[in-house]
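Input: structures, listed below.
Next come two complexes built around chain A: one with chain B, the other with chain C.
And then the complex of A and B:
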């Protein structure tokens, strides 16, 4: 009897402690999520909407701008995430080498971009990659190209600029995770590998990468989510242009909601596309990681 | 089965010299143990032999070839690390076969060799586990197995047993001794456990501050140490060191702190000049009930180990002397105690720490 009363007290206390946090999460996370799900079934413009069932999904499938934004987002994700992950890994391995001089300097230099102001760096990228910007001047001066590259005015090159920008900004962030993981690895494992005659490249692919696999999985998911939600860079550097060449899903949602005649229901539907993609990709990445472990 | 030759080997980290000129010959098939206090450079020297550290100065020769600048994998050595250094994401089988894969050995040959090593080390039931699923002793055996499959000329061990508990340590020590017989290779083994050193070694290298204090068989180092350092380092409990002065006659040593007790110098000892300060060394186990010389002591503390009793006693609250006594079950702290020994069993050291022979 006393036992159960004590248990109930403990339970009440527990709930009391987490209640404030639960309420905040409820108000600011669960409610908007559910509300946007509800919204995604509404059709209409501005504040004047009504329930439309799956009408928004239908509109989605026939919306060329949406398909464009989806394709662009997928291109950014498929091209950029692997490049960034591999770069971050290589940097981390290089910076973990105790014989490298000025390690602290390099480490800071590579990490610095991800603490710089987003708008500042976007403006800088915009001016550097403009028709007569620094990048073109250098390329012309070194005779690498004969004509200036239309960085911001050509659909292909504009995508490249965006990929360069987000890679520049986020590689250091991912690298820090790898560096932290590498510093926990027993050095004698690599010494054993040297004695075993394992070449440097195989040490990287067959020892470092498998040992970092959990961290790689984590950063891949984080980066995937980040890239699927890509907004700031495209909004600040290219505004989605030229044409819709760098339009991303997030930017499209923003345009639907705030720039065009507001269509809240439809933009909620588009944002659920991102949610579903993130969910599918994360599950897929977990499955791939787990399968490899079984067969290994 | 190669021997090794080290000539004037030195190592500096920046301006700090940690290995200060080592000359050493290791015969093929010999079991050599490096011992010494922490930080004396044992691991560094071993890693220089392995090629994990560069050699600042001097010559390293393995099996008749100069190896100073040869890649670690081409020196014909294999190393077992204190932390095992197994590849955590690979199975036991993969761990053991990994080196062979890069040596261009065919797959079925790798399997054959790995199975052979697994048989020697009794690892067969564990081949599909990962290092994380093994006990410390099993991991250590895998690490040894990984070394065996490469058929090295020289095995290097850096404190391989120091992460194991006392019982397992004894077991693995016997395993390693058996392995040395079975494989008939040269082994260089670093430890600071002198029981390991005494039981395993054909030859012990006692190191101190980056140089060799003495090289010799375990019993040579025990019976006939060259200096105070080796005398104090080998043997447990430690040898007792008593302050002495050579008496006027030149034929005796007087112990001023022990009531001017006289120890006659035996014939084999060189006769230092009268009045010279010396250190008299006597091991705890060399006290005997019917010895000719005696020390009058008072017991401070007693340790009963069952078979043996260690009596810690002093004269007039001076330095504490350790005596291993056989029939001392009844003695109590505070009692007077007479420790007897024979003058022939003491060792004399000069003020420079070197043995007077």
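And then the complex of A and C:
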């Protein structure tokens, strides 16, 4: 009898402790995401809308701006995420060597970009990459290029600026995860490999990467999800331009809802494209990890 | 042996280049705050004499005290509420386990990957219908129940000794008293790390405040920087000065509480 009263108490307390958070998540996450699903079947502008079936999906497939935003977003994460992950891994491995001098200094410096707000660093990059700005000056002075690069006015180079900017901001962040994971790797494995004459590069690919696979997978997922939602940088560095060269899905949703005559149903449909992509990527990456583990 | 030396040198060289690239924008920002706009866009990277003029121009365009007040109110309120609500939930999930609540926790795991871009349109409509547009309440409330922070606290609660709870229970403390008087003081470092993460996220938040806050008197520092930048002829001296001011608080937090900072960053997404 006493036991059941205790259990009931624990039950009540269990619900009481999580209730405020659950209510807020219900109101501000679950309800909106369901509402958004329902909205994606509605057509019309402003607050006048009616059921339109798959009309929004049809509009999506014939919308060149959407397709451009989708392509740009994919280019950003396909190019940027691997570059950043590899850089972060290399830095982490280099900084994990206890015989290296100035480790603390290097680590702090590479991590420092994480402290800036996305808007602040975007503005910095915009000013550094202006037509006759400091980056072009350096490149011209060192004769790496003969003519200034049209960073923000050329569709190709504008994408490069965005990729450079994100890489600058997030490499140190990912590096911290690898450094933390490397501390848990047994040093004697490396020692044994060294004695057996395994070269450094092979130690990196044969020991470090397999050991860090879970955390590499994890950082790849969060980086990809982050890049799929890219907004602050493109809105502040290029405003999606030139043309639509750096328009991303998030920026397009924002424009559809808040810059043009709002079409909530269509915005919701575009936003579900991001939801589906995030879901597919997460599932795919987990499956790859599981398969590798099985065959290993 | 020679090969080893070459490799060492290569490591130092690449780390030095990475350090330079990481630090340079900070230097650029500080130096830029002392220069005129036309010098900045033509790449002048030495200290100038325009700092005072930039400051005066900034003050002429922006009510700086109000803007900082807005950012501080939003960030501090968001931090206090998020920590309260999310640590309660993290503690609740870990201490009082039941099959239904474990299921709910798994659903939270799924919700974690829902991008904000998918929520912003319905949230905006909800906020407008509730007549909460252009209020700090609307900026703060949707961010309060942070799934990241709930995870973080659940994870940290695993290290909270059961004996402490048992002793407190024998002493006749109620569950909320145990949380408040036993758990909370013993988890100070967890709270410290979470505070840094939530404060930073909120201080730097851009997209949601951009959607919600419309009038000048409500704008936060990130919104001000952004609107200065999108001006027809942006004054980069003023803009870089305002980025210095916006970055200063987070930079100070980072250098003073570096350990908790990194710990929080690792923990909040574990």
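The definition used in the following text is that the second predicted complex is superposed on the first by the 284 of 296 C-alpha atoms of A that agree within 3 Å, B and C clash if a C-alpha of one lies under 4 Å from a C-alpha of the other, contacts with A are read in each partner's own complex, and residues count from 1 in each chain.
Just so we're on the same page, a contact is a pair of C-beta atoms (placed from the backbone, for glycine too) under 8 Å apart; a residue touches a chain by one contact, two chains touch by 3 or more.
Keep in mind that what you see is a predicted model, and the values were worked out from it rather than measured.
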| item | value |
| --- | --- |
| Partner chain in contact with A:225 - chain B first, chain C second, else both or neither | second |
| Chain B versus chain C as contact partner of A:39, first or second or both or neither | second |
| Contacts of A:94 with chain B and chain C, given as first, second, both or neither | second |
| Partner chain(s) touched by A:204 [first = chain B, second = chain C, both, neither] | neither |
| Contacts of A:157 with chain B and chain C, given as first, second, both or neither | neither |
| Which of chain B and chain C A:213 touches, first, second, both or neither | first |
| Which of chain B and chain C A:192 touches, first, second, both or neither | first |
| Residue contacts with chain A in the superposition, chain B compared against chain C | C |
| Chain B partner contacts - residues on chain A that touch it in the complex | 186, 188-189, 191-199, 202, 207, 210-211, 213, 296 |
| Residues on chain A engaged by chain C in the complex (per definition of touch) | 9-11, 13-18, 20-25, 28-33, 35-36, 39, 87, 90-91, 94-95, 97, 100, 105-106, 108-121, 123-128, 130-138, 168, 172-173, 176-177, 180, 200, 222, 225, 228-229, 231-232, 235-236, 239, 249-250, 253-254, 257-258, 264, 267-268, 271-272, 274-275, 278-279, 282 |
| Residue ranges of chain B in contact with chain A within the complex | 50-52, 71-74, 77-79, 81-83, 85-91, 98-99, 102-103, 146, 150 |
| In the complex, chain C residues that touch chain A | 7, 11, 14-15, 18-19, 21-23, 25-26, 28-29, 32, 40-45, 85-86, 88-89, 91-93, 95-98, 101, 104, 108, 111, 113-126, 141-142, 144-145, 147, 150, 175, 179, 200, 203-204, 206-207, 211, 222, 225-226, 229-230, 236, 239-240, 243, 246-247, 250-251, 254, 258, 262, 265-266, 269 |
